[in-house]
Amino acid sequence: MARAHDNRQGWGLVAPALIWTIAFFVVPFLMMLALSFAKMEGRSVVSGFFPDNYIRIFTEPSLLRGLVVSLEITVTVTVISMVLAYPLAWIIAFRVPERWQRLVLILTILPFWTSYVVRSYSWLLVLGQNGVINKTLMALDVISEPISMSASRFATVTGFVHFFVMLLTLTIFANLKQLSPNYARAAQDLGAGRLATFRHVILPLTLPGLMTGAFLTFVLCIGDYITPQILGGNNELTLPQLIMMQLGRRGDFPMASAMAVVLMGIVTLAYLFSARWLRIDRL
Amino acid sequence: MTAALSIQSIDMTFGEVWALHAVDLEIEAGEFIVLLGPSGCGKTTLLSILGGFLQPTSGKVMIGGRDMTHVQPKDRPTTTMFQDYALFPHMSLIDNVGFGLRMRGVGKKARHRRAGELLALVGLPDAGHRRPHELSGGQRQRVALARALAVDPDVLLLDEPLGALDLKLRRQMQDELKAIQRRVGTTFIHVTHDQEEAMALADRIVVMNAGRIEDVGAPQHIYLQPRTLFSAAFMGEINRIDGQGTGEGLDTPLGRLPLAANGKTALLIRPEAIGGSGDLALGPAKLVDAAFFGTHHRCHYAPVAAPELRIVAHLPQSATPIEGSVTELYADHHVLIVEDR
Amino acid sequence: ATALTAAAPATIAPAFAQSQELNALVWCDHTDPELVQPFEEEHDVRVNLREYEGTAAGLAILEQSQPGDWDVLVIDAVDVGRAVDLGIMAALPADELPTGDFFPELVMEDLNTREGTTYAVTEKFGYNTVAYNKAAVDPADMTNFETLFSGKYDGRIAIYDYYLPVLGMLSLSEGIDTGDLDAEALETLREPLFDLRARSSQVSEVVASQTALATGEVDILVGGGEWLTAVLASENADLDWTIPEQGGVLWAQSIGVLESSENKDLATEFVKYIVSPEGQARLATSSCYWGMPANAAAGDVLTDEEKTVLRWDDQPDFLTRVQRYPVPDAELDTAMQDLWTDMLQQ
Amino acid sequence: MTRALSWIYLALALGFIFLPVGMLVLFSFQDGRLPVPPFNGPSLRWYADVLGDRRLMSALGNSLVVAAVSSAIALLLGFLAAQGLARYRLPGTLLMRVVLIAPFTVSYLIIALGLLTLYNRTGIGLSLWTAGVGHVVINLPLCFAILYAAIGDHHRNAERAARDLGASEVKVLALVTAPMLMPSMLAAFFLSFTFSWDEFIIAFLLTRFDVTLPVEIWSLLRSGLTPRANAVGSLVFLVSVSLLLLLELTVFRKVRR
Amino acid sequence: MTAALSIQSIDMTFGEVWALHAVDLEIEAGEFIVLLGPSGCGKTTLLSILGGFLQPTSGKVMIGGRDMTHVQPKDRPTTTMFQDYALFPHMSLIDNVGFGLRMRGVGKKARHRRAGELLALVGLPDAGHRRPHELSGGQRQRVALARALAVDPDVLLLDEPLGALDLKLRRQMQDELKAIQRRVGTTFIHVTHDQEEAMALADRIVVMNAGRIEDVGAPQHIYLQPRTLFSAAFMGEINRIDGQGTGEGLDTPLGRLPLAANGKTALLIRPEAIGGSGDLALGPAKLVDAAFFGTHHRCHYAPVAAPELRIVAHLPQSATPIEGSVTELYADHHVLIVEDR
């Protein structure tokens, strides 16, 4: 098996993908890392090893705030999405009759296939002063003045939650379905009520899938520019918005790189935090 | 502890499918009952109804004299051992075995002591801290048994618990299962589709087919005196010769045999009952094929009277079958089954 | 579905078919097909357009490009000098430009010309002042910038998300000429800026501002002007704008040819097309935002209706009441952006 | 009781999920310039407008090409790598798997910025293809992971059988391995296509003039509030959903059997 | 076509694991050889070396007189039939069977004709257009056989081809496999861990254990005259009584038996060889346990001389074993194996 001839073939198969990933992912990242230690002087980049950008990120209140805002939004979104998606996946897996399950599942994730940009924008139509929610509530005389919902963190979180509830429902559903029904039966058989069955058996068994979903949510959410930009009304800026601002308005590449490196650092921390439950090959 | 069961005219349908059909069965306390039947015959369904995981479409389940048809699994005096064991992979063996006690509010210390005892009973005295995935198939099976026994059930339900094991281990676990059942005295209801396993374990075998009970009785009775063609064939290889009863005799392709039968009747003879001597003469036959099978030679005979027919006989180890030779065949045991249709 | 997919191959084809290409780094109003199409057809050329925001970003893009990548640049009139300093602008044939027909204030020779050489030409202008919804706001209140700080309209104000005009407006209201705005003066703007921010519900870009105003999300847009209300005029006649007593800020954009262009003649033709009366009329009413054409001769091409919406006849008066954008150097620019970011993250 | 609650929850959840999409589609038929209530009655003018918009249509064409080409490359590279790592005992297999999967656990923005740095440094001009490279980077881990999981030991014997019957290595891959993985290949391609088709930030930062549909929609959104955006969104939705249902009804139904 | 094989002192190591150890074997052309042994004993490894999928660490493989040790699978005159059949699921049966010919550049028409013939040979004459997933397990197995035979190999290697089938089908396929081998005359090397299957099929059985060959010979020989303890136990249940040979007699827990042996010697007796008569007297024993197994009663005896010992005997179906009764036991066949150590 361990013949040199065989291994050459194996290397030949792996090499293209490996080279691609190294050339267009690893090397660019390293270059960006190097660039993040350069600094702007006037409009020109001075390369070297200056920690200035990082110092600024962690000392300038407006930049530090971006970090905090991003983390707050991401954690909120992750928690809310999981709390909403779990029961939904549960109902589809165990309440909806088998033959309808696939259909209902497809329905729940159908809006995935609207354009991501348009989907955020469409929440403006729903949440706005003139949006359906306000119109409906006013028509029902629940409120007399329209309430302000768009251009706020609430809107950003809503837009995110919408997206991630779909994603998480899918992953949690898959997780629940692959669980042998005998686990729940065994627990009940041994005297566990519904709640105890869930707490002691179902939840621990679905935790890895749940954490994988949460990690994905975290990564996608904290790195997203579109949703806060469209729905947040610039009332607070997230890290990606600040990065885009460095690029778009100031042309400050080193600073943008430094912020991206910090973003990468947060993602790595999130990974380490959840690594216990993650299986990289299941992502 | 132990309890008797009474299953009263149970029907079970899934949509159009009749999974169980007018099933009646009385089980005594402490009996070892084996439900035997081919895949899809309704064994798991019946077991699930006893365990409370399914509600029968109609009929009643009495356990220990009380009607339990609509009682929740957690409130029944039954526990189930599942085919895939369903051990909780995130718990240690001690916690697995102690789970039922924990649900009953037993304190940690008492629970661990009892779980330890049960693990010792099934031969895993020092493995309490391990996780299920660190065990072999046979060891897992024992833990599942310990977990089921930990709550001291009146009735233990076992759904093909040995199905995943290899032959040798299966034999060994059969012996252990039987020994444990004798020790604890609990009523065991055991599902399998392996007739050897059924014979090795059962006080009584219940043969099922297509949702109905075909035959009930002690292993020897079912093997030697099957009530139906299905039951006869399912218990092991058998030669079937179709005939027409005339009152005094049975007309078969072998000629008229001196058997009292009326109407369309099947003559059934097991291969080991055929040989050079016996009380029923089958006439001359030619040996067309023989293979040594260790304990016996498996021989195919073509009767001279009906050369297209094949009769399988097991000749003793000491015989030296010669292919092509012609012998007079006799049967020393047989069964007649009148076909209804 | 089939219509879309069938259309696809047909529409990709032109991307590769034309040989002549002109690459322009522009503001969003130039991306209206109705503006560039006539030029493309006339010269059998494909005009590739890339938008950018903010001079710094535009200059960064140019810096990272290869020679020959870009032919035409649209830039804030007040920043032409910065570009000239960098030596990236090519000389324009001044005599071929119709600056004689321009509104005199918009020729802006001091900005577009250096030592007798013309490097850019003004193409469009307008005002950053206060836009509002007549139906919800008392127009009389809008004549004084101070009313915004009175508390009467708290929560119904939006700020246009561009630091230069808004800082300019604030400096006018503080009595500082935009031209005198320096690092020290900038600090005095911090407090009113943050105060204004506290009273407003969002800081938004062009479309978000339009949406907010059109849907009644907010009633006042600081930094707004005709460029914002004109587009919506046909939808909501109540949208209006005014220049308060304190004055307003004049914005103007210039267009020029890049020194590194390998296609200078065609690029010059494009500049000439844009400042021609036809080009000017199309640019004035292009889809992203409207604005006054620098070339007054465009008045002959525009319809009366369009001219009404643009308030053509009020221009002489307006032009006397406004000041130009502040012109920060790199350092001040960074300081302004930092202040702006601080305000956003408040 | 809990049963009723379940159905209510399901209905509410579906309502939440479909609310924005419903509004989007509804106001794509708005007869007026603003896609906000009140609804002024159905009109198809925005669809006509969108279908007649050269830039939008060419962006749509660009998106299709980039998605198809980048997914095909990602699929090919992913397939070869999965086969190599699943079938051969190479030193450092785990490390290679981690490297191949890593881009999947990183924000797109970081990948885009990295590539932008690379292109700036090396003087590679931005174009559709530079964005396509980025899309391969994000889809390669996906294709690799799906195919790596799908390559089982039961397939190993089929490959051996083919070799045994005289097939060369290339023929084994082309005639046996790849066709046997067809369902997973299709799934991987479809997912990659979807991701590339809908990806914004990489396409935004790494293209110049020819842009993909999401970027074009973004500039559409930034250049005026019109129901055109609704119309484009609805069209994209319609196309993708028809494609999805078609796949579901044909390929995947067959596969599941 | 057919060819002889010569396997010459083959060693195979995987890192630390010795999968094969000094394996020597001569196989005649046209023989039906069965490699029999427990899981992990190296059967698949040996087969893979013959097929060319593995290269031995040392040793030589000669096929038809030519050294083939380092020849690629595609260039060997062997084909392999895999345990999972390894049919190409995306090809029709005709294309599956014709694959080898296609690789040899045979035209479509000729290939299809030949594939059709082979499908007919294995009893699937009209199924050419179907796909593997539309077939039952037994049918798939036949297609795999047809595919392997299509390239006219000299040697056919079969790796547990019947392992996945249920008992009934397995019996039937064994008969067919044997019949086809007789018809085509190709050398068959068949791997299994089922000793019944080995006996049913083999001209000669090769018993393997832990990478070594323990025993080679005809089925009857290996069952009745095993060369090693392992081989004896693997061919079926056997009673083992350890003794010390004194020259004239064998001292065992049952007392001194009149058997000529020297040194540490094991007396081996199959359960069916024990009963009320025979040429070797084992002394009185008490029946402690009996279960009906259909063809026989499986009984456990405790010899009176050594009550801790258990002797398993198979009594005939007609016997009526009474638990607790004491009988004189005799053996009518036995084997003595001297333990080396």
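Labels for the chains are A, B, C, D and E, by order of writing; each one numbers its residues from 1.
What we mean here is this: a contact is a pair of C-beta atoms (placed from the backbone, for glycine too) under 8 Å apart; a residue touches a chain by one contact, two chains touch by 3 or more.
Note that the structure is a prediction, hence the values are computed from the model and not measured.
Counting only chains that touch, the fewest steps needed to get from chain A to chain B is 1. Ranked by how far their CA centres sit from the centre of chain E, the chains are topped by C.
Each of C-D and D-E has its own count of C-beta contacts, and the greater count is at C-D. Distance between chain B and chain C, defined via averaged C-alpha coordinates, is recorded as 87 Å. One inter-chain figure worth recording: chain A and chain D are separated by 17 Å, centre to centre, where each centre is the mean of the chain's CA atoms.
Distance between chain A and chain C, defined via averaged C-alpha coordinates, is recorded as 36 Å. Among the residues of chain E, none is in touch with two or more other chains.
Shown for chain A are the residues in touch with two or more other chains, namely 1, 128, 130, 230, 247, 253. Shown for chain C are the residues in touch with two or more other chains, namely 205, 211, 215. Here chain D touches chain A in the complex through residues 3, 6-7, 9-10, 13-14, 16-21, 23-24, 27, 35-37, 76-78, 80-81, 83-85, 87-90, 96-111, 113-115, 117-118, 120-121, 133-134, 136-137, 140, 144-145, 148-149, 169, 194, 198, 200-201, 205, 213-214, 217-218, 221, 229-230, 232-233, 236-237, 240-241, 244, 248, going by the rule given at the top.
Of all residues in chain D, those touching chain C in their complex are 32-34, 36, 51, 53-55, 57-58, 60-62, 64-65, 120, 123, 125, 208-210, 219, 221-225, 235, 238-239, 242-243.
Chain E meets chain B in the complex at residues 39, 195-196, 199-200, 219-220, 223-224, 235-236, 270, 272-273, 291-296, 314, 317-318, 332-333.
Touching chain A in their complex are the following residues of chain B: 51-53, 72-74, 76, 78-80, 82-84, 86, 88-90, 99-100, 103-104, 147, 151.
Per the touch definition, chain C reaches chain D in the complex via residues 1, 3-5, 7-9, 11-12, 14-15, 23, 28, 31, 33, 48-51, 64-66, 69, 205-207, 210-211, 214-215, 231-232, 234-235, 287-288.
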